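Multiple structures are listed underneath, in structure tokens.
Heads up, the next two complexes both have chain A, just with different partners, chain B and then chain C.
Showing the complex of A and B:
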């Protein structure tokens, strides 16, 4: 990936900045430039999400692209964020058997992948299960 | 608007065609289609070719020119159509629109994908580009993972079981054994499907369509002219197309495809056909769960009951609604751009009564359903024997 393509998404990828429509208040993440409901009447402004949400669905990926080979198998989920939008993210610090639909998660900053030995390192967020005290784990 | 009919079709064998190049494949399918329609190249007014990614698979763009040229048909206009795995269905629709509009009379609708000239990883990465590169592929989403996420949710909401999903693979592989052009000629059992390696849980290897080479072509003419070419014309009675979000996470629901429901609604309305009138269907079973959701979204059963009607055998060749008699994407193979055309060719053969060992009984009305990506595009066609 050419550097600018990654670089221009950094605010969104590093700090979970999406957009919110000032007209209907709907929140979008990943950001949208046009609100599909209000279209030209809508007024989209940057909006920072809390990063808290719940597992809507999940899968363990056993066969993946070359950039992710050393992470296999990894857990991938669709997370419903508390502000409304759903987002695709890996679930980190867990194995697939621990995850259930409805589990509480928080988004954490992580290394996503490396483009080989000399390519750029991609950072972004992954979801982490919120473990209740006494329920095992730390 | 003129009514449109299919008067001929042909395809290559689907599979790992290491001896055959992209250009040889399209010529082979095209020649068979023209022979079947009994027309010569001079009669062709235009061609539409569905192809997802010749750029990634064979590093060749501008295949419209390549195909017209190497078919010996230049200067006939040729147009490439792309909508991921729905490219073939969309090429058929564009060809139909061209004939219906009156701008062209004899039009070829084709589809082709040459997927095995790259190593498997490159092929899988190419497939992942049908998703949102910035927010899905970026975090490691693979093509099967989208359907795995849908399957998990479908199991959660409706109690769909892994055994019910496996039955789709068993049925479609069985049907493929009756199809000489199919990629996979192997009978499966539920146990064997369930024991195959996990690709993206809960989906296993034998539940996902594989990488395939293949090409297929159809010849379309105005219905009123069709008897000049064949005694068994098949009318394209309805056509519907719809879009949805490219990213799966942005969909309101993961247990069905809105694009399928919307495309089907348009096609049924145009054809004035109800789901219960459909005698045979070729649906987009890129994975087992895809077929179960398609049965529901196309109106063949209620939401959540796709597994149940599969278990009851309704979708088998001798069932009340045979689905994927060709073997589907799982059994016949899924050369992306060719799939939508191959589906329509199967329905044409079924409605003509020429489907041999896999012929369904009393086929008057047929349906095809072609999906792009994880559901960002869907195309549905209805066919009627004339």
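Showing the complex of A and C:
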């Protein structure tokens, strides 16, 4: 990915800023410019999602792209955020056996990948299980 | 001084490497190594963690406790000696990720293990001068050590963030005074473009850590007309498990005064995070009215000492974010090979 594109998407990648339709209240992430339900009467505004959600579905990746080779095997999930949108995210700090559909997760800020040893570092969100007794339990 | 801590937050990665495992690798006696360092295990950052991500976790916890709109944070300072970029600030990434940008100032601080407390002092001055409403000072590190170097037994990862603001009913603690002691002492250094630090060996403890930590603590107590008996808790920088205990005893503090903030036996030396994480652990369990002495140390060399008095806000705020003890309990052990992979020590 080119530096300008990464930079333009920083508000979405860092702080989960999507959009919300002022007419029907539906929340979109990644952000949309037009509400598909309300069309012209919809008024979309930037909206920051809470980052809380649940595992809607997941899979364990044993053979992934080169950028993620050092993290194999890792868990990739579709997370349903509490405001409604579903996002694809890596589940960090866990192994495949720990994750179940319906598990509560929170989005956390992690290194996603880097452009070699000299390029920029891409930061963004990953999901982390909310462990009641542990560190994620706020 | 009318400045206080309105929020604080800690973060320690989940992964732990036992000192026995490091000793096994290098053919050292595990029990003797544990005794001589006073460290049982150290915290290691995961493969997708670095000083930026640790700072963001700690800063978000501080904002949760502070109950502050992030856009009101007028300054973000990140103290570390493991900033991911040589040129490009950690603080801008952190400020963006917590939602403090763009009407604010930000910078990275460097002073070995005490850059985070230097950030607290900068925020105190700016808040008191009325330049900003809130300032965020973060100390975080993913400490690097050359394989086989004695530093490897303790060099660890973790961080803490303190949100500094005007003293009011929302404060968790007031900062009564601060005092620093600084000299040019070459006890520990890393040259540009070199991956691992060098140090002057064990003899540097006396002219480095002990001289500066003792002088800063004594200078602060003299300035305030206080003695160790006036403090309920004390925390000192923790390069290992023994130095902070020895410095406390030389100053006249008891083990019960330093117990709550002594984390190095369980997580190692988190460098810029060390004294600040210890202070966070003390606040997690402190009562209104208690007085705390916090003294950082950075090689090169200098110490910042602070006297804090716990305020009523602590009762409402301490449960709003994970406590240091939560992070201590939630851990996963890794072996030396995994540690090498996570910290990118493998040659390919």
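Structure notes:
Operating definition for what follows: the second predicted complex is superposed on the first by the 133 of 138 C-alpha atoms of A that agree within 3 Å, B and C clash if a C-alpha of one lies under 4 Å from a C-alpha of the other, contacts with A are read in each partner's own complex, and residues count from 1 in each chain.
The rule is short, and it goes like this: a residue touches a chain if its C-beta (ideal position, glycine included) is under 8 Å from a C-beta of that chain, and two chains touch if they have at least 3 such contacts.
Here the structure is a predicted model, which is why all the values come from computation and not from measurement.
Of the two partner chains, chain B is the only one touched by A:78; chain C is not.
Of the two partner chains placed by the overlay, neither chain B nor chain C lies in contact with A:7. Applying the stated contact rule after C-alpha superposition, one finds that A:112 touches each of chain B and chain C. Legend: residue contacts after superposition of the two complexes on their common chain; A:61 is shown touching chain B, with no touch to chain C.
In the superposition on chain A, contact of A:93 is made with chain C only, not with chain B.
After overlaying the two complexes on the shared chain, residue contacts for A:15 are found with chain C alone; chain B is out of touch. Chain A residues in contact with chain B (one complex) as well as with chain C (other complex) are 71, 112, 126. On the side of chain A, the complex with chain B involves touching residues 9, 30, 56-66, 68, 71, 74, 76-78, 85-90, 96, 101, 112-113, 122, 124, 126.
Partner chain C is touched in their complex by these residues of chain A: 10, 14-15, 48, 70-71, 92-93, 108-112, 121, 123, 126, 131, 133-138. Every residue of chain B that touches chain A in the complex is listed here, in rising order: 121, 124-125, 128, 132, 134-142, 144-145, 148-150, 152-153, 156, 197-203, 247-250, 254. Remark: chain C residues 11-12, 14, 46-50, 52-53, 56-57, 61, 64, 84-85, 93, 96-99, 320-322, 326-327, 329-330, 332, 341 touch chain A in the complex.
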